[in-house]
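The structures come next, written out as structure tokens.
Look at the two complexes coming up: chain A is in both, with chain B in one and chain C in the other.
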Partner chain A sequence: MEEFTPKLVGARVKRREDQRLLTGQGAYVDDHHPPGLLHAAFLRSPYAHARMTQLDTSAARTREGVVAVLTGKDLVSLVKPVRAVSKMREYKETSFPPLAVDKVRYVGEALAVVIAENRYLAEDAIEWIRVEYDPLPTVANERDAAQPDAPVLHDEAGSNVLLSREFARGDVDAALAGAAVRVRDRFRFRRHATVCMENRGCLADYRAGTGELTLRSATQCPGLLRDVLADLLDMPEHYIRVVAADVGGGFGAKSSLYPEEIVLCAVARLLKRPVKWISDRQEDLKTSTQAWDEIVDAELGLQADGTIIGLRADVTTDIGAYSIYPWTATVEPIQTISFLSGPYRMPHYRGRNRGVATCKAPMGPYRGVGRPITTFVLESLMDRAARRLALDPAELRLKNYIRADEFPYKTPSGLVWDQASLTECMQKARDVLDSDATAQWRVQARAAGRWVGVGFATYIELTGVGSAIPVSPGMPIATGTEAAFLRVDPAGTVIATFSVAPQGQGHETALAQVVADALGVSFGSVRVICGDTALAPQGTGTYASRSAVLAGGAAIRAGQALKEKALKIAGHMMESNPADLDIRDGQVFLRDKPERRLPFRDVAKTAYAGLRRLPKDMEPGLEVTRFYDPFFGTASSATHAAVVEVDTETYAVTIKRYIVVEDCGRIINPLIVDGQVRGGVAQGIGAALYEEVVYDDEGQLLTGSLMDYLVPTASELLPIEVHHIETPSPTTLGGFRGMGEGGTIGAPAAIANAVSDALAHLGIEINEIPMTPEKLFRLVRAAGADGR
Partner chain B sequence: MKPPPFAYHAPTQLDEALALLERYGDDAKVLAGGQSLMPLLNFRLSYPSALIDINRVAELSYLRQENDQVRIGALTRQRTIEFSELVRRQLPLLSEATTLVGHLPIRTRGTIGGSLAHADPAAEYPAVALVLDAELVLQRPGGQRSVSAEEFFVSYLTTVLAPNEIVTEIRFSPAPPTSGCAFEEVARRHGDFALVGVAGVIDAEGEQCRTARLAAAGVGPTPIRLRTAEDILVQEGVTEQSIQRAAAKAAELVEPDSDIHASADFRRHLTEVLTRRAIQRALERGRERRA
Partner chain C sequence: MSEPNEHSQARPVTLRVNGTEHRGQVEPRKLLVDFLREDLGLTGSHVGCEHGICGACTILINGEAARSCLMLAVQADGAELMTVEGLAPQSGGPPALPGKTGQLHPLQTAFWEHHGLQCGFCTPGMLMTAYDLLQTNAAPSEAEIRAGLSAVLCRCTGYQGIVEAVQAAAETLRAGEEDQ
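After this line comes the complex of A and B, so read on.
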């Protein structure tokens, strides 16, 4: 493989998609209005757990504008049930019917669909469907779910415990018994919702003439959807096209297959008319996959000098009512115990997890998957240990980070970190923070009675995962490869089509930079198209911090292959040895004599001119598809630092400074990286201080609107200081590492540690997020420090 | 989230609107800025048979001074009030509270009459009306009456408005020029409904307190006038101790509920904190104004 020479890669190229997206010229699902369009509305369960004894749609069918009403029973003959299968041992497979049959298992579960001439009429008709429910006992939380006499949600599983797994290294019990210092706590991440600017939505259109079914969906994974829909609908794959053009945010919640997508495809095929469903905000909060609902009992042991000797943890994950396709209910729980050992040398470790089903919306992946909570747990324990040992928390971390000479480092769960800049990130974070000045400020502020604190968090994460490790354990689909299809037309411009599918990440810019460098043409001559299975090579989509690594790698391979062929043609035209030629800025030139040159477009034109003009035996044309599999993937790492103040009377937390120092390998576009980091931190701040999905004991969702589910707005955020250590990955093509999730991973931990530091004089240590004023009020009152 | 079917009327004259209201009675809803009503309709929590949209009734939108009073037409947008020089000069408390109402797009549509008639106890305007002893003019076909803010609010989202009445005007008497005012609130995020809000208007010189008016939002079925706390300041004068006692008294006077954002205990605690802060800041403002 030729050395990849970055030129545009690394430049602060403005995102070319922004002109479109910021001026209302984007084309989201709801911007499409094919002729004859019908609209769907779903009847959703008001009960958390109930048997349906009667479901009568006859009155609804007669309402104005209604074209069809379907129930779960009607769908049985139209689509196969979804089974979230996994080969993982101790995982119990369950069914997730697109419309409930007989039984509902969470509030919001769809049980019937009305298809009407418009959404208003469809919603009016919904009220005419008669359902009789026989309510069953609610499985309200993970504690109730795991009781031996708990009502069982899925009879076929026989228990609400749908999975359990353990990773271990060494003898952690013996190691901890001999530890000089042990710190432990019960940590809690409350359930989170994924709030995208664009709600979920889809539009299915079946053309009886050609037999083609097109699904436009606000999804991260068009390729994945196409493959599974072919199976569920029993249709040939090449007659299904899934398009995800502009998508307004995903963050993991748009990476799974949803009931509405299946129902709309089935209905469009049945009625032979296009049908659209756009989720409203309430439906989105009720039914999009939720995240991070976990309890972790963890204990860390250290020697007297602060050297870590072992960690043990028991994790319980509330996976909600259904296991989702394709990731299954294992995606969050298993990653939790996979990543809990963090960026530290960990000689002894045991992490156990079990995932339990409850009457809540299904759990799915959300930015960070497993790592936000593990970073919170481990970094909180590190600060507790530092307090016990009277050590500087940063020094304690520096002492225990995996050292540069220890990479590649195999973790207790079997993951391999290729390389990371742990020490450099922390040192730089301390420099940027100006540790001494901050420490002095902290002393003065505290002397004045203010509650101020500083917190650090370091994480290491696996990104750009190839085929060696499934994104989710034992799952039936392959996620280790992505591809690039490059077509140079006779004018010398390039269309680069990818199987990844962005939701705002800037692929159209970043991947054009990579292609342009690999081929030696200008940025403007490369157009990137993503998110359409009819155009793209085989692949799945954009998730799991993989696009820069997998699609970027494929772009380099494809660009280099094209370049090789272009140079052969150019050599023939210039009567030179192709090995002596190169391409830069759209010009082919002789390396030793750069004034001998030929425009790339002349080469492209020649490529299509037929055999007479081409080297002997060369196939005409200038296009190529290349796949890339990074196999193990690569590590990304960062240190976050937060400075906070807690109002001593209202308990509001104000973040005064927020610093990120991260290493995502070779940076394709610093503007995009900074934007991704800041967006991730914003979501992490939301997790730390504001966001919490609340269900009551009857399984009713109390946070069904954005007045109650609080995401931070611009008013709650602050300028986030982002700094980079740029160490190209030794294992990936181009040296790229994934970085889309990192901001969210570090922020809850850093902020929690800063709040704990601010309240340390009261003996308060944070073990739960979000840190709402109410919760801090109760902690302070329990500590007897509220002036009473 | 689409509203159920309803008949829609958009009168241009107040008389016309009143006639429609007379015709539909309890079955109709008056649509002003729509910032509370439209979500209620879209969630299908309200099923009126008719909406009477008064946004075209131009005669209800005005701000003027008349006989020592500031009179504000019910349809006046919050954004207009926010930028009104007259309001800033004569009713600084209303000015300040308006900046705390929702967000810019909400204030651009939302009206003062709509906010008062909706009577959300956590909203800013009801507490301001109460603390400033505002009068509300309620018009019905062929007549009108004027009620004090204290009489107007009955319970959660409930007022003395009869089914055939519309709020047409709000009359404020400016506080004395020697007084100071403050609106303190704690919300989870900027623009959210307050967990607790406290409005204060205090006329004091040195330790002597001529009048003190205090009201709290978000801590009961209506905004709550904190009269016993006011009395402490007037009777004892304004000292650090009396302010502390008045604040503690305020926490006793409120009747908060618990919800997912704050417990009743925490709201009581915040009432005390914010009452103290409101008093202190009102005193400070008064000193600045007199200087």
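After this line comes the complex of A and C, so read on.
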């Protein structure tokens, strides 16, 4: 295959999707109002754990505007139950009914749905459903859940421990026994909510005439939904179309199958009318997948010179009430023990985990999956080790990074890092920070009684994962390929359709850049369409930092295949050897004699003009479909640096500088890449300092509104300084690496290290996020300091 | 048997939106944002929380920024409203062809140039809030912009592109005033 020569790729092209979004012409799910539209509202459990002894919908059915009321029992005959299957050993498969049957397991679980002429009436009728509950003891947290006498959430599993796994290399116990220095701590990431600004929602429409079901959903994974819905509804896949047009943020929370999507499809098919459900914010906070809620006990051993010799860790993850489809409850805990060895040479390692079910909203993937906490744990231990050994934390890292000549490097959990720029990222971060000047400032500020600190965090992550490993362990669905469907119309416009489905990542622009370069046409002549399974039937969606790698690779392959055919046609038209021709800026030209040229448009027209105008035996038309599977996937890496100050009166943390130096391979569009990094860091800052989902001991959600769950505003954030080391991936087509999650991966760790540095004189080392003023106050008090 | 619904007594409402007068019959309990989106088809104003925090529903009511989720449509009777659809000199026309720009307000142009949006869901509320800010403060500092925009949540951008865009738009608008 021909080398890929970037031209538009790498350019700061303004986004094409912005025009409609800036003028209020976006097409989010809620913007659709097909004729005859009905509206759904769900009755949700006020109890964390209860048996339903009575569920009477008769009064609700008679209310004004009500068309139907359905319960879990009504659905049993309409859809199969969802089973989050995994082939992983030590994983217990459980059911997640779309509407609860007999028993509810978390506050907010849907148990009935009202379909009415408008949403106001549907919500009115909800009040008329009578439910009697027999409350069961609440399984409030991971500690209670794992007790032998704990009430069991899923009888079929027999225990609340739904999964456990171990990855090991070498003999970590022996290695740590011989370590000159050992540092250990119990680290904790509190429960986190994604908070996409667009709440979840969907609209199902069934056409009895054709038997076609269309689901518009605020989802990241239309292809994946189509496949599972076909199974659950027992319909052929090609009769189901899932469309995700404009989607208002996803970050992982919109990548799973949700009960409401199933219910709406079943109801639309039953009633043969379109039905819409749009979550309100409270429902979204109660029912969208939540993240993290993990405890990691970890210990790192080093030699006296700072060389790492081993790491052992035990991880407990509160997976909430249900294992979600398709990722299952393993998604976060397994990635945690997979990634814990980090960017360092790690001769001895053991990571064990357990995932336990509690009465909380299901845990699911969130930006960074497993990597934010592993980076936090390992990078915190590195700083503790540096303090013990009186070494510079950056030097300690430089000493232990996997070296350039050690790639490809196989990690203790079996992942393969193809290549990364660990040393370069750290060195550049130190340069940008101006380490010496910063160190001097720190000394002066501290002398003046201020609590200031600097923290680093380095991570390496696997992106663009191909078919060698499933995105989530033991998962039966294929996540290793994506396709590009390219069609040139007779006027020379390229319509490029992809099965990936963005929620703000700018695919319509970035993928157009790739296609245009691969084919040699202008940016303006490529139109990209994403997120519609009728147009791009094969593929799953946008998640796990995969789209640039997988869809980008497919775009290159498809573009080059189209180019090959176009050159054959052009050769015939120009009476030249196709091998002597090339395409640039929409012109086919003779390489040796560029003035001999032909507009690409004329070639496109000829392609459809019939055999008489085409080379002998050539099939008319100009379109191709190409798939791409990067097989292993490729590493992305970065070093983050944070400079913080902790207010000695209020204990509020202010971030004074935030620097990211990252290597995401060949950059398709720097504008988009920088935006992704900054947005990711913003979410990481929120996690580090403000955000926490809180349930009380009865399993009631205390953070059910945006007044209680604090998302950072413009006032809390600062300009993020983003720098790049651009090393094309040696293993992916085009050299692209994934990067959508990285910002969130590095930020909690870098900020925690900076806060620990600021409070080091008090003997305080951060081991938990969020670092709220209240928590810092308690730590300072416990350390016996009064704040001055 | 349906019972008579006390909510269904629709009341007449007359209001001007983006310079056009609209008359409608609306239930007293209907939120203004639902009226705009469902009855008038102006789906640019978004609903992100319905409890006055996210700011996605921000529009101008009689020239001032307000949350259309915290108001009933009947309360806006007689008011003059402006939504994101009214920001550009002529929007709502056929979608612009790739590479061709329709008319945009300087704020919209600046958001485009400075990557002030990703998913675009917060964008209408953000634009209207910024418009309101620049009406009262033609040359805001970065801190003033951040404080002004803190009324609207964005989960995608980290606000950096948005803040830069508002700074740039303020300059463009000031330059435009000086020209006149």
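Heads up, the rule we're going with is that the second predicted complex is superposed on the first by the 785 of 788 C-alpha atoms of A that agree within 3 Å, B and C clash if a C-alpha of one lies under 4 Å from a C-alpha of the other, contacts with A are read in each partner's own complex, and residues count from 1 in each chain.
Going forward, a contact is a pair of C-beta atoms (placed from the backbone, for glycine too) under 8 Å apart; a residue touches a chain by one contact, two chains touch by 3 or more.
Bear in mind the structure is a predicted one, so any value in this text is a computation, not a measurement.
Touch criterion met: A:650 reaches chain B, while chain C stays clear of it.
Of the two partners chain B and chain C, more chain A residues are in touch with C. Touch criterion not met for A:492: it reaches neither chain B nor chain C. Shared-chain residue A:343: touches no atom of chain B or chain C. When the two structures are aligned on the shared chain, A:715 is found in touch with chain B and with chain C. By the touch criterion stated above, A:393 is placed in contact with neither chain B nor chain C. Contact with both chain B and chain C is seen for A:120 once the two complexes are overlaid on the shared chain.
Look at A:703: by the touch rule set out above, it reaches chain B but stays clear of chain C.
When the two structures are aligned on the shared chain, A:280 is found in touch with chain B and with chain C. Note: residues 120, 124, 280-281, 705, 707, 713, 715 of chain A belong to the chain B contact set and to the chain C contact set alike, using the contact criterion stated above.
Residue ranges on chain B touching chain A, taken from their complex, read 1-5, 39, 43-44, 186, 188-193, 195, 260-263, 265-266, 269-270, 273.
Interface of chain C with chain A (complex): residues 1-5, 7-8, 27, 29-30, 37-38, 41-51, 53-54, 56, 83-85, 87-88, 91-92, 95-96, 98-99, 101-102, 104, 108, 111-113, 115, 117-124, 127, 145-147, 149-163. Residue ranges on chain A touching chain B, taken from their complex, read 119-120, 123-124, 127, 280-283, 649-650, 652, 690, 692, 694, 702-703, 705, 707-708, 710, 712-713, 715-716, 772-774, 777-778, 786.
Against chain C, in their complex, chain A makes its touches with residues 14-26, 28, 30-31, 33, 62-65, 120-121, 124, 195-199, 246-249, 251, 278, 280-281, 503-506, 523-527, 671-672, 674-676, 678-679, 681-683, 705-707, 711, 713-715, 717, 719-720.
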